[in-house]
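Common to both upcoming complexes is subunit A, partnered first by subunit B, then by subunit C.
And now, the complex of A and B:
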């Protein structure tokens, strides 16, 4: 089950994802984009992303990409290639649309392969290790820990309504009942948050979480970082050669 | 009374527009295990919260470990020395794994990672919970959660334990284990509980909170009052 990528430190993976995403958004030449796409596919393969789940995740974004593909060819000035319903499609527009579609998918693949496969807690630790502000890391950590409980709270509320015969109907009473349930869920979540904070203070919390120890980087991590630098250099060279 | 670890005098606390504590006195001495009963809403939890400064009284004083405590800074020290076990362990266990959660208190005391994790491992071993160390906290059973939360409190090496309904939601087996572990601890305790058998087995003195004040419970009537 362990993918080759799993041997790389989570901090290196997060930083690599950031670098590759930034480079991909900057380059425009077809050669550089093709190379970036190859790298992304390679990463996806070595992360052993399951095609089905990957497709489901990409589907969220492809709708937006589709809109871009339809709109952009008509909105960039340049050499006209065709006219559709009175709008002019340009060669430059087509090229820009294709480049955008590739960029979006490359960024997604890279992020899903490098960051999306991390255990949430490992991701939070990696971010802390990368000096991401404590508050953001805390938000992520508490979300991981308490999302489930909040979901159970809501599920209990809904069940309690159902066992008393509640069935949602398009009526004012249904809307009121649902609004009350939503309000109750919110109040419970806030009260839970307050109790958690108090429990933490009872164990000496003064506003700063202890930073977890992070493992030292290994040769594999060094090689991975070198790989990212190399890829970046190649992409930039292809871009400048164009 | 001098020499008490915690000595609260004349506490008056309002919650939600209602007077919950009204001139409450309570003293806890070394070696004592005080059981505190009382009806729902009588203010038992509020009393515990006031002792560690989560609730500020309108009147009255809290003297803990030889000093009167007023400010948040005062109470920070009290909380490190008086461990508070909450009613709902889900409020208490917030780290991903049990080991991290138990190490949280020691880390807050300024120990480094290695020391904190050594203490966490020792505390878990002392409670026979070593097997839970790497478990994810939100996937524990109710009984395991309670014991893990207790480990998190004990890792601070407190001098006093404040327990709020420690047997709530426990099955007979976990209740017996909890009773065992607590009875083996040489700490002063204040135990809020509706469980007469548990208090009878553990408490050296019984109080009942009524009309905003703790009163001595008659030994024979104890169960009936609860």
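And now, the complex of A and C:
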């Protein structure tokens, strides 16, 4: 099942996501933020993001964001609303905290809808098309290739420790066990890297990969880019009108 | 330990992007093309290790292993972390696109700096001293990263100011944990694969 957004070129989607995230960062007026939220929800719907997984991701609030949401209502001067533990909560502060929460979630939705739905290798090719340096793109491609293997390696080590009855405690034994597991993971990684290097050299690898050819942009891509420009203009107009 | 899109102000994001682009460009110039697979595999291992949550009393901590990554990857840590952050932002929505620069500076800058300072000792000193130097570097790396994050918050918005000392305070336990764990890992690597840390492999049994 292809989502409507899948018809848009990956390069356009990456650029559009960056533009929308930056605009959302800049605007502050409630009207502009509400419009941005509507756009983000629309994108999430047309990317067919799975509601359950999305809700789980949105419910996971980063620690720093949580701290800011608690601090900001008290640290912005303005009309007092309530006093908590001797600190004064202000109406302006509450509004700022609400705006922060909206901004973080809008940025997250836009990124997951436009970029998160791309196959990782397609993302890397799109970045190459957007003039990201070749070496960085190659690094990204190899990282995509080996990240899952590394995670499985580490998961096996953790599982093995659990099977042997490992319980972390503040003790020297815990520290040594953790260090040996982490060290083993790194030694396995370097040994794997050496095998990969040898295998690639056997096949004549000298550090160059073929440059992917990107398909020409279509009318759909033009319309999408136009849509992003329009949304940006509307958001900025709402911001300036406030 | 990174910042979400939507939190920081545009000037801070732009400053972070410029600094990160310079740092990543420098790291890429020093990255031999044939060494890219090796760098990626090691970066993947560090990334995977940083995803493991170690239960600690009522909460859990994630190891960052920044200091060790700086020692093993050197300047290559900058592009490696940038690439890992691209994946994390795109696949899981952690961090974010506009914050890529700032997060690269926060997470990769300190490791590269502290490793440059500690490397002579780690490469030449006797194993116990080398491990201690690495542990100290790891703690310094966490402290610097937390300070950079606090600075990014403070520079973005005066209203965030009270959060800055909190960010630093919550990272103090991590400093200690990173120091002892990194020292232990380096002790292990000095026996198993000293070449990973830039020492000659002759002492291998």
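Operating definition for what follows: the second predicted complex is superposed on the first by the 190 of 242 C-alpha atoms of A that agree within 3 Å, B and C clash if a C-alpha of one lies under 4 Å from a C-alpha of the other, contacts with A are read in each partner's own complex, and residues count from 1 in each chain.
Just so it is clear, a residue touches a chain if its C-beta (ideal position, glycine included) is under 8 Å from a C-beta of that chain, and two chains touch if they have at least 3 such contacts.
Note that the coordinates shown come from a computational prediction; the quantities given were computed from them, not determined experimentally.
Contacts of A:24 after superposition: subunit C is touched, whereas subunit B is not reached. By the document's definition of touching, both partners, subunit B and subunit C, reach A:144. Of the two partner chains, subunit C is the only one that A:175 touches; subunit B does not reach it. Counting residues of subunit A touched by each partner, subunit B versus subunit C, the larger count belongs to C. By the touch criterion defined above, A:203 lies against subunit B but remains apart from subunit C after alignment on the C-alpha atoms of chain A.
In the superposition on chain A, contact is made by A:189 with subunit C only, not with subunit B.
In the superposition on chain A, the residues of subunit A contacted by subunit B and by subunit C overlap at 142, 144-146, 149, 192, 196, 200, 205-206.
By the touch rule above, subunit B contacts subunit A in their complex via residues 49, 52, 54, 76, 79-80, 83-84, 86, 88, 90-92, 94-96, 100, 103-105, 107-109, 113, 116, 137-138, 152-153, 156. Of all the residues in subunit A, the ones that touch subunit C in their complex are 17-18, 21-22, 24-26, 57, 62-65, 67-68, 71-72, 74-76, 93, 96, 100, 103-108, 111-112, 115-116, 118, 120, 123, 127, 133, 135-136, 138-140, 142-147, 149-151, 153-154, 158, 168, 175-176, 178-180, 182-183, 185-190, 192-194, 196-197, 200, 205-208. The residues of subunit C lying in touch with subunit A in their complex are 3-10, 13, 24-25, 28, 31-34, 36-49, 51-52, 54-56, 63, 65, 72, 79-80, 82-84, 86-87, 89-94, 96-98, 149, 153, 158-163, 166-167, 170, 180-181, 184-185, 187-189, 192-193, 196. Interface of subunit A with subunit B (complex): residues 121, 141-142, 144-146, 148-149, 192, 195-196, 198-206, 210, 212-213.
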